[in-house]
Structure formats: C-alpha cells, structure tokens
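As written, the chain order gives the labels A, B, C, D and E, with residue 1 at the start of each chain.
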Amino acid sequence: MTLEVSDLHVGYATAAVLHGVDLTVGDGQSVALLGRNGMGKTTLVRSICGLRPPTVARGSIVFGGEDITRKAPFQISRVGIALVPQGRRVFGSLTTTENLTVVPRRRAASAGEPWTVERVFEFFPRLADRSKQMARSLSGGEQQMLAIGRALMTNPRLLIMDEPSEGLAPAILDIIQDRLAELRSSGLSILLAEQNVDLALDIAEHVVIIDDTGRSTWTGTAAQLRADTSPLEQYLGI
Amino acid sequence: MFEPVFLAQQALNGLSFGALLFLLASGLTLVFGLQRIVNLAHGAFYMLGGYIGLVIATLTGNLLLAVVVAMIAVGVTAFVVEVGLLRFVRGQEMPEVLLTIGVMFVVADLCLAIFGGDPKTLPAAASIQGAMSIGGLIYPWYRIFVIGVAVVIGIALALVQTKTRVGAIVRAGVDDRETISAMGVNIGWVFTGMFVVGGALAALSGTIGSGVISVRPGIQNEVLMYALVVIILGGLGSIKGAAVGAVLIGLIDAFAKAWIPELAYFTIFAPMALVLVFRPSGLFGRAT
Amino acid sequence: APASSEDPTEPPAETAGASDDETGDEAPAQAEGTLKVGYISPITGNFAVAGQEMVDGWNLYWEINGNEVNGVTVETIVEDDAGNPEISLTKARKLVESDQVDVVVGPLLANTALAVAEYTSSVGVPNLHPVAAADDLTQRAANDFTVRSGSMSGSQANYPGGVWAADQGHETAVTLCPDYAFGWESCAGFKQGFEQNGGEVTAQFWYPNGTSDFSTYVSQLQSAGADIAYVATAGGAPGPDFMRSFLGLGLKDTQPLLMNCCSMDQATLRAMGTEVLGIHSVSNWAEGRDAPEVAEFNAAYAERYDGKIPSLNVAGGYVTASQVAQVLAENGLVTGDELVAAISATTFEDSILGKTVFDEYNNPVSPVYIREVQEVDGQLLNVPIETFDAVDQWLGMDPEEAMARPNYSQQFQG
Amino acid sequence: MTRDRKVGLGAMALLLLALASYPYLGTSGYQVSIASTVLIAAILASTVNFLAADGGMASLGHGAIAGAAAYGAGWASLQGHSMATQIALAMVVGILVTTVYGVLSMRTNGIYFLMVTLALGMVVFGLAYRLSSVTRGENGITGIERPEVLAEPWAFYLFLVGCFAVTTAALWVVSRSPFGATLRGIRDSESRMRSLGYYVPAYKLGAFMISGTIASLAGLLAVWHTHFVSPSATELGRSVLLIVMVLLGGLGTTLGPLVGAAIVILVENVVSNSVERWPTVLGLIFILTILFARAGLVGSAAKVLRRRRRGTDAGEPDTAEPAGLTTTTTIP
Amino acid sequence: MAAAVRTAPGPRGPGAPVLVADAVGKRFGGVQAVDGISLTMAPGERIGVIGPNGAGKTTLFKLLAGDELPTAGTVELFGQDVTRVGTARRARLGLGRTFQVSNLFRDMTVLDNVRVAARGGTPRARVFWRPQRPKDEISQRALASLESVGLSRRAQDTVADLSHGEQRQLEIAMALVTEPEILLLDEPAAGLSAVERSTLRRLIEELPRTLPILLIEHDMSLALGLTDRVMCMENGRHVVTGTPQEVRDNETVKAIYLGRRDKK
C-alpha cells in the first residue's frame, strides 16, 4: 500500500504553511521528512492523519489507492495509518498498559504478526517495569516509548512518526533503529519526521526535505545525501 | 434526640437522602466528571425525566415501565442536544456552559408549559408501599429501595469505568481527544453515547426520586446544585468520590438538622466549602 | 407625586371614614371611565402555579360578570415578576409610570408584596393584595394605599388552628414551620391560639426554605411525641414532600396533624390523591364549604379550567375582583386612596371567603375554617368541620399592644 | 496608537455619547429606569468578565458580593446613619466579603473555584435569609435612599453612565497592565509562574479584590436604584445570569458585558411583558448565540471586523479561540 | 536589574558552593526515582547529567527546583537550606530553569510570555494602573532574549500557533530572560533542529562564565561538550561522575547509555 501526497497546500486560520508538497511512501519503504523547526513537517503529518487544524486547501492524499484527503482521523487510522504524535501525547490518566490496550486493533492486512502488549514490552522492557503506572508520571523517554508502542498496537501498514527520537537516550535509538529495520522487512512502511539527521539517514532510504518555501524542495535517497551533504547544508544548516 | 430508634431512623434518613443525591448526581458524574462536559442541563433532564416517568406511572401504575420510558425519552432528547448543538462546541468549556444553560431554560420552561406547575409525586399505585419494621424502628420500603438502586447504579458505573475499555476510551478521550481519534476511535460517537447515558440516568433518578421529593418548577436548579456539590466534594470523575460525598452530605444533613438546626441551611454547602479549602481537588480528586 | 408620609403605625381611620361619606353621594355621577389595573404575579419560575392561579381567579370574575361595572371599564395589564422582588419592583414602576395604571394588584409573595407596597404607597397608587400574607402589610407598614383584599395575615389565619387544637383536648403540640417570616408568623399564630387555651407547645422545629427531603424533620416530630403536630408551608412542593415522608413512616394513624392553608391546598391534594383523606388544616378558604356562592364559583372555575378545583390563590384573585366590582358598582369610578378606603369601608356579605369586613388597617376580618380532606362526588375537597367567624388580626390583643411587640421570629413567638 | 486602538476609542466615545443622551430622547421614566438596571448589571458583569477572562477564575459568587454591599448600605440606612456612613459601610462589607472569598478560594482552580464561590455565595444568601435581626430576613430592607444630588432618575442615570465608563476604563487598563499579563500567565500555567518567582495566590487574591471592590460598588448602585435589598439579590441565579451575560457579550471583550446585560435585562423585564414563554426566548438566544457567534456577540463581531480588515480568507471557520486572544497587547 | 530586588541570599563567600544536594532521595509509592544523590556545584561550574530514560534525572531536577519535595536528604541553595522551600521562593533566590515538557502560556503572545518571565514576580509585575509599555526596559530585555534564540520574528504570534521546536526555543528564552544566578536546563535541545541546536550551543557558551549551569541532555555533543563535569545516573542512583572525557570512556556508561553513534 502506497502513500501518495501530491501538490499539497495546507494552512492554518492565521497563515498558509505548505505550498505544494509531493511525497511518496511505497510499500515497505521508509521515508524521512527533514526540515528545520517550523517548516511544516508536523503540519504535513497532521494533514495526512486527517487532524484539524490545519486545513487542506489543495492537493490530494491517497493511501493504497483510496483518497483519504478529507477523511476523519479515525477513518484514516482504520485504513492502516498509525501516528506517533509529536510531543508524545500519551493518555496521562491511563496506565501504561491501558494506553496500549485502549486503541482499537486492526486485524486485516496488518504487516507481520499482530502486536500485543507483551510484544511491546519486549520491544521496550523499560515499559514492562512501569506497566501499572499512570502515563502522566512516566519519564519523558518512557512516554516516548509508550507513544511508539501505542501506535504499533493498531497493527498499522504505515507508521508515521513525528520526531520519535526526542527525549530518548542514545542507546534506545539504536534499538529502535534495529527493530524498525526488522518491521520493514515484514512489510511495514514508515514515514519519519526527524531532527536527528544521523538517525533519519540510518533508518530511511528515501529523504524529503521541506524548506521555508513550504515545498518539498529536495527528494532523493539517503545514500545520495551521504555521498553529497550539500543539500543538508543548504536546507538544514548542518 | 439520642434514643437508639431515633438515631437509627436519622441514619437511614441520611443514607437514603445520600443515595438519592448519588442517584441524581450519577448522570452528571459521567458527563461532567469523566467527559468534562459542563452539562448544566442535567437538572432539566432530571426534571423532564421525572415528569415523563410520572405521567407513565400514573397511567399504568408500573414503576419499571415509567423508568424505562423516561430513560428512552430523555435519552433521545440528550441525543438531539448532543448531536444538534453540543457537538459544535466540543471541548470549549464556556460555550458549553452557555449552550447547556440555554437548553436548561428551554426545557424547564417547556416542562412548565406542558406539565403545569403543580408539584407532582409518584402515585401510590406505582410506588413501593409499606414500611419495614424492626423492633421500634419503622422505615418506609421505598426509601430502602432508593438506597438499593443507588448501590446498583454505583457498582455498575464503577465497573464500566474501571473494567471496560469504554471507560478507558472515555478517559483517553478526555486526556487527548485528537490523539485517540487518530488511533482509530470515533470518539465523537463515544462521547455522544456517554451523554445519552448521562441523560438517561438523569431520567432514571428523576422518576425514582419523585417518590421522595416532588418534581416541580425549580427542581432543575436544585438537582443541578446538589449534583454539582456531590461530585465536586468527591472529586471530579471519581465514582467512589461521588458515592462517599453523597453519603457524607446525606448523613451530615440528617444529623445536623436534628442537633444543630440553626445551621440546617448550610449543611449542604459548608462541608463542600470546607473540603475544597483544605483539599482543593475534592476528597478523591487528583490534583491537576 | 403625592407621597404618603403618615406614620404607618397610625390608623388611617379618618381618611377611610371621610371617603366613605363622599363616595356615597357621588356614585351615580361618576359612572363612566376606565379603571386601569396593573396585575403583578409570578407566572414563570418556581411559583408559577400559584401566580397563574392568582391571575386566573381575577380573570374568572371579569369573564363571568363582564369587565364593565356601572359604566366603568376594568382594563387589566398582567406582568410577570418570576417571584423576584427586584423584577417585581421594576414591573410596578413600569405599570405606574409607563402604563399609568390606577391600581396595582399583587404580587404574590410576601417579600415582593412588601417591596411593591412600599413603592406604590410612595407614589400614591393603591395596592391590593389578593394572596400575600406578611403581617406587616397591614400592621407596622399599613397605609392608606394598601389593602389585603383576599388573604389574611399569617398569624391571624393560624390562630384559630391553635384554639381548635386545644379545644380538641390536645395538651401538647409540636410545630414545624419554614424558617422565615411567613413561617414564624404562622407558627406564632398557632402557638398563641393553642397556649391561650391551655395547651403547651413543647417543641418547635424550623426548616430552611428549599428543603425537599422532610424525613429528618418527620423523625423529629415523631420523637417529640406531642399530642398534635402543626405543620406550615408556604405552598408548592413542601406540602406534598412533607406528606410523603409523614405517610411513609406510617404516622397518619398515630400522630394527629394540623396543616396550614397552603400545605393542604388543591395542589397538594392533586399531587397526593386519596392518601391525604382525613387530614386537617386551617385556612380562611374552604372550597368544600356548603354555600351557594362557593358552589357557583367552584363550578365556574371548573368549567374554564379543565375541572380543576380552585385554591386559595384563585379565591384570592376572584375575591379581589369581586370587591373592586362591588365598590365600583356602589361608588362609580374611585381611584387613589379613595379606592382603598371604599373597599375597606364595605361589608362583603356573600364573599366566597365568608362574610368579610375590614379593620382600620385595611385587613380583613372574616371567617377561618378548620378543614378536613374529604371525598365529595369523587372530588377531594377541604371541607370545613368548624368555623371561627370574624377573626381579626390581633390575636386577642389590642392593636397598639400587638404592634409594640417585636416582629415574630424563632426567638419571639408571642 | 494603532488603528485598532483609535477605532476602539472612537467607538467607545460614540457609545458613551449615545448612552448619555438617552434620557433626552423623549424616553419615559420607566425606560430610563430599565437602562439604569442594564448599566448596573453591566458593571457587575464586567467584574466577572475581568476575573474569568484574565484570571481564568469564573466566579459564581459575585451576585452575593454585590448583595452584601447592598446590605451594608441597607443596614446603615435602617439604623439612620448618614449617607457617607452608608456608602462606607457598603464598601466595607462588600470588600470584607470579597476578602473572605478570596482567601478561601485562592488555592482552587477552574471548576473548583467556581464551586467554592458558589458555596460562599450560598452562605451569604443564607445569612441574608437567616440573620433577620440585621437583614430583616426575606422581607428585605426597603426605603434606602440615594444621595440628594442623584435623586432625579435622569441624574442617577447619568451618574451610572459615568460609573460605567470609569469602571470599564479601569478594568481595561488593569487587563492590559503588567498585572493583567501576570494574571493571564497564572491562568495558563500556575507552575510556570511559580518557577518564575511569582507568589501565585497573592496575585489571584489581588485580582479578586479588584473585581470584588467594583462589584461592591455595583451593589451599592443597585440599592440606590431600587431603594430595596432582599436575599434574592444574593441568589445563585443572579450570579449565574452574570456569567451568562459575560458569555453572551463575549468573554474578555470590553463591551461584551454591556451587550450581554442589555439582552438579559431586556428579555427579563421587557420581552416578558408581551411573551409569556420568555424563559424559552432567553434560552434560545443563548443557544443561537453560541451556534452562530461562538465568541459572544461582541467577540465575534470584533473578529469578523478584524478579519475583514486583514482581508484573509481563512479556510477553517474559527474553532476554539481561547479567551486571552481578544485581549491584545500593543505592538512595539 | 532583577537581581537587585531579590531577597538577600544566605552566607555566600567566594568559592562557597552555590548548590548542594546531600543524599537526596525521592520515592513515589513503589518507585524509588532518586536514591541518595549528592551533588555540589561550585560557582560558575557547569554540570551535565546523563543517564538512560527513567534514570531519575528530571526527578532530581525537580527536587532542586522545588517542584517536588524530597523524601530523603537536603538541598541547599546559595548556602541556605531550601529543602522544604517552595518553587517561587527558590526562583527569587536566583534559580532559573526550563521544563522538559514545554510549559508556556499558550493563550498569550510570545512576547508577553517572555515579558511575564522577565518581571518574575518583581514589583513591576504588580503595576496594574497603567498598560504594559512597548518600549520599557522589560520589553527590551524580552525582545533581546527572543532575538538570542531566534524567535523575534514571531514575537506577536500566539504561542498556540508555534511549532513544537519554536516552543522549545521560547522555553529557553524564558529561562534566560530572568537573568538567573543559577540555571537548570532539562533537555533544552530536545525538539530543536540542527541549526537551532548550534544556536543554543553558542548561546550557552556565551553566557557569563560565572553562571553555574546544570544541564540534562541526551544530545551528547551538548551534554559532554558544554560542561565541566558530568554525572551519570541509572535507576535513581549515581553511576559515575567525572570530566566529560572520563565519562565518555567509562565502560558502564557505554553499556547502559551511549549509543553506537556516540561510541564512535
């Protein structure tokens, strides 16, 4: 199932943000979305997931041949798109386990074997120790792990992660990188908005950069970027 | 004033009034406590439910039927209010307040127009007659029945809240409505459902409550106030808190009226004010 | 505007007498014009029924008899005050200043009535009170522009209840009244009647306004164990709510009970049905009194209002209208303090409340009935079982003595 | 001065002119009296507005504060004290009650604050009812006079216009002052404010005192208007209507309270003359306002104007726009 | 300046430690989040705190800032025992801090956020008789602070309209504008993009060397590059303290914390 975003124009009541973004995430592919703070990564991610605001002014978002541009968030989730939102947004008054069980689980057309609480705990052993704790009192990194686990619990086809590395200790990032690689081999597609360019290039094979014009200015592969870092310098100031 | 029979009777008075308080707060506990919708129309739903229940009870003499019809009728009303009005201002506290006050005005005024302003109480035929008698203690069965209903409703609510996924979904929806919908839950309809259940509970308590306190113009405000006091005293969203709060107020009220009658007027509000001064989030409320 | 600056404690006797003489001769000459009436009553809010009934009673009279009397057309503007004294005052002002009414009738509640009476007397507009019971209206705050037309003061109406209870051989009594002026006055009336005749009130309980669950008070009544319990409410829900608790504890057969006017009015009978058969109450209105004028009134009311039976509120409105009509018939168009004086000077022989005259303070001297709820032709009625004729508001004292005492309260019950 | 500010001031001046000329437009005494009621309610509502919009503290006790002040004046008048004493006592009682409220409610927030103020309001109401040796119980105190110079209804009305202008301006300044910004900070995040070195309760108390003092003034004005005070002045229903007025006009707007007060008072006193089911009318007004002008009448109008001027055609109809947005700061 | 109105701190000789935590511990029910941590900060010293997720860094931070009260041990600030002292009071003693999760005034403009921070409970914040003035000293300072984090162009926007990273920048601006005498930073770089990170780095480097800083970071180039001394925690306990180089080379730290990218 392929995600195709074409010529997307998106804005808020106060300002237009994206002025023509094109992006494709093929089946089992992993795409990194790069851009400086405030360039519109989250805006794009939210548009894909159907969250309002912002509003889509023009363009289309198609997933697996189905136009999801103006669908409601829960409908989009049901076609197999899961979100790790920026800033974690775990359900604070639910326990760790409840956070995982509260989401509806898709059975159909899932990538690989279905997710269970146990499997998430295997993924992040730290969470197992905190299973009965209110999510609000988890540490920042623990919440981030929980947010990732929660998204996986929906058994998605496409996993969208908005800055999953934020607040995670370096060693955890390695684990995540390895596990995501495994998951991709079982058919999961990944769209990753990231500030940590090293991590992004390690995880993703394709890269899209959004710049201050609100367009997908640069599209290519991670290998290309490793070979020639000038786009990174130009658009991300590295 | 201290004879055992008198004490026992007052304790039962307090308990049954507390049970009534819990019942009339139960719908609001769901809607306001869990869902954080400031439903000021709760009292009006109680009133409407009470009137409808009474009409059916008078016609058929069947309390159960009266309760069911009232719950359905008010449930439908609540559905219309939620889908037709509240949905447009979801999550915005102040507009919700104004909207539900508007609904309260309209419903209460229409009740006056339709049902007249006479106080109405449950007809004897539909009520549970007679009194329990143990030794010197005589106590009406109906009020014991009210205690029983409150206990059942309380347990049911607590189970729904803790043991089912619906409870967790609602709490998640309150924490972060947007994220739970991005996880695939149609939270809008879940909330609508809760609102309807809240309305139906108001109707249930309105019908059953009419056997203890009459339904009449103005009852909407009284019920709303009692219900607010109970759930605030107990702590928002805590079923246990609402239950403890209700029983506490009931007992304090009963004994204070006997022993310190000068303060009778303040017995409902003073405990709440005191508790809030020392525990700003209520007895069982979590500090925010 | 003409201000009434007389000391309110001074009986307005001379004025009353003077106008009496004048109006006697002038009547036929003035027989044309319009009497504009502003009628304030709570038609919405918590007292909507009582308020509406008060209006209905007034309208009923004019519908039956036509609103033209002796060439004078009676024109009524009804205003809703929702039971709120501030709104009541605003409406009174509107009626007087904007509509320029000749007379204000109402409002219903004691506190709104006192506020409006103060205003109307200050601008020289007569104010008729069909229902309001506040003692002071015709005592300490009495004036030439205010007349209690259709009701009695709170202590006056309940005094005979105490007398009756003592006559029945009850030696001890316990009272339960609302904890504000109306309740204090009612209880004081009962207590003085009871104790002046040899009884003793052993305990007095007071419930705050807004009480809906009476179970704790009923338990207290029960444990007080007096020969008779006297219970007063200001009408509305407390009556049925009290009865629910009282009956629930099975006290009907063991605890003799006397209720006041409003706790056993038709609203309570409608709510409770046959459960309250046999309950006694004391009031200046008895819909079950066997008199042609009452039967006629009941029938007319029932015909227009779905077979309902009139309550004290309806009777108050109706009586007020009939008094106005009679005065207009006898005197032609009279306004200002003359209207009040004319009412006060007239004897109303066939009033549905019984023969009524007025004292110098514009308060009625009329019968009080001890009533029992009975089923008559399938209808529940308060049927008088004993009548106290010509009851005045002084409870056996002379006016100066009575008014020199403090206002009634929990502490002072006379 | 920005253009917005100029337009605002101009509109304000026009409004005041219109208000002041009202008694000279052939209006009856009764109409002036209704207008006076509206102005008093507007002053009271604006104190609620200030506290709720800037401080995030929606109070259900302001009716009772005003009522307490009215009783202060009433009691003094009953005892035959001089006008100066009446005024002083009204303010002292009002401020005293405010202080008690403030001290007891400072630790609470949001809905809990609402409930503490509700409970305290009920206590004041209860005292008004029960302390009849002082308050004359439910019969209330009548015959309270206003100062000689204001005896004429139009004079009193003009005085009220003045009071309204002054209090509104005062609240406007406070809201835009550093103190106002502090309050909004507390409204948004108390923990942040603490960690910035603010003693949060002190500021909340300060705001409450400002609001309560003006509310006391409104109570005094009310009793001067009706010459009467009874427990119903302190009733919960009055306080609820105050919040309703604020929301109808628009939370956080300068003129919202006036508009909201006008609507509620007119429906209660004027529409009720001709429409028997006026509570339904009032309820429908609330509902329609929220459906079509979510930010209140003034709030939404201002938003439309602003948008029109900016010429933006935003796709999404404005969703949750929080209270604070309407109080803008000047651009350096 | 802000410091002028602060209540006089306790005895504070030259060289006396500005912050001392003595065997502090914090227990939440069954979780021992912080377990006997001792820490002494000399004037002008910059200390980094690292450790795996859930190690107790933020909890320790809260104990120092006053958000939580310790269940064991004592905290001293500028020679004064503040173990039981509230947050506001510590702030007035000169403690400035950021929040791990942005804690901003969402309904206010960016500029107002910083202004409120700049007034920090001083008498200026109590002025209610005249509007805020756009050109006064406070506003100037606020603007300068926004400039330094690169947010000045958004000064008039409402915080709710900012992107996540921009909110993180504002978080830092608000901590700096208070002109603290000791600065605690909890993951200031989280959510910042590369450019903004280097801005932040420069910003911290340019702060007066006399300002002591406690920095929690998962970005090793900052945590190890900006500090004089680094403490590593795990499960609430102290693991090792040393110079950045010592900590980087420590085998335990490598095993429990550093990732492949940092071990290089």
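The rule is short, and it goes like this: a contact is a pair of C-beta atoms (placed from the backbone, for glycine too) under 8 Å apart; a residue touches a chain by one contact, two chains touch by 3 or more.
Quick caveat, the model's predicted, so the values are computed rather than measured.
Novice: In this assembly, which chains make contact with chain C and also with chain E?
Specialist: D
Novice: Starting from the Cα centroid of chain D, hunt down the chain whose centroid lies farthest away.
Specialist: A
Novice: With centres defined as the mean of C-alpha atoms, identify the chain lying farthest from chain E.
Specialist: Following the centroid criterion, the farthest chain would be C.
Novice: Between chain A and chain D, what is the gap in Å from one C-alpha centre to the other?
Specialist: 48
Novice: With centres defined as the mean C-alpha position, give me the chain B-chain C separation in Å.
Specialist: The computed centroid separation for chain B versus chain C comes out at 37 Å.
Novice: Measure off the straight-line distance from the CA centroid of chain C to the CA centroid of chain D, and report it in whole Å.
Specialist: Once rounded, the distance between the two centres reads 38 Å.
Novice: Could you check chain D for residues that touch two or more other chains and list them?
Specialist: Counting only residues that touch two or more other chains, chain D contributes 126, 129-130, 279, 323.
Novice: Taking each residue of chain C in turn, which ones touch at least two of the other chains?
Specialist: 44, 179, 208
Novice: Could you list which residues of chain B touch at least two other chains?
Specialist: Residues 109, 265 of chain B touch two or more partner chains.
Novice: Name, in rising order, each residue of chain B that touches chain D in their complex.
Specialist: 38, 85, 88-89, 91-92, 94-95, 97-99, 101-106, 108-110, 113, 221, 225, 228-229, 232, 236, 262, 265-266, 268-270, 272-273, 276-277, 280-282, 288
Novice: Under the stated contact criterion, what part of chain B meets chain C in this complex?
Specialist: Contact set of chain B toward chain C: 1, 3, 5-6, 9-10, 13-14, 16-17, 20, 109, 112, 116-121, 123-124, 131, 138-140, 142-143, 211-214, 216-219, 222, 253-254, 257-258, 261, 264-265.
Novice: Could you list, by residue number, the parts of chain E that touch chain A in their complex?
Specialist: Interface residues on chain E, with respect to chain A: 28, 31, 51-55, 57-59, 100-102, 157, 161-166, 168-169, 187, 190-196, 198, 218, 220, 256-262.
Novice: Provide the residue numbers of chain D that touch chain E in the complex, in ascending order.
Specialist: 173-174, 176-182, 184-185, 187-189, 191-200, 203, 206, 210, 322-325, 328-332
Novice: Taking the touch rule as given, give the residues of chain E at its contact with chain D in the complex, in rising order.
Specialist: It is residues 65-67, 86-88, 91-92, 97, 99, 103-109, 111-113, 115-117, 119-122, 124-132, 134-135, 138-139, 143, 156, 158, 160, 174, 178 of chain E that touch chain D.
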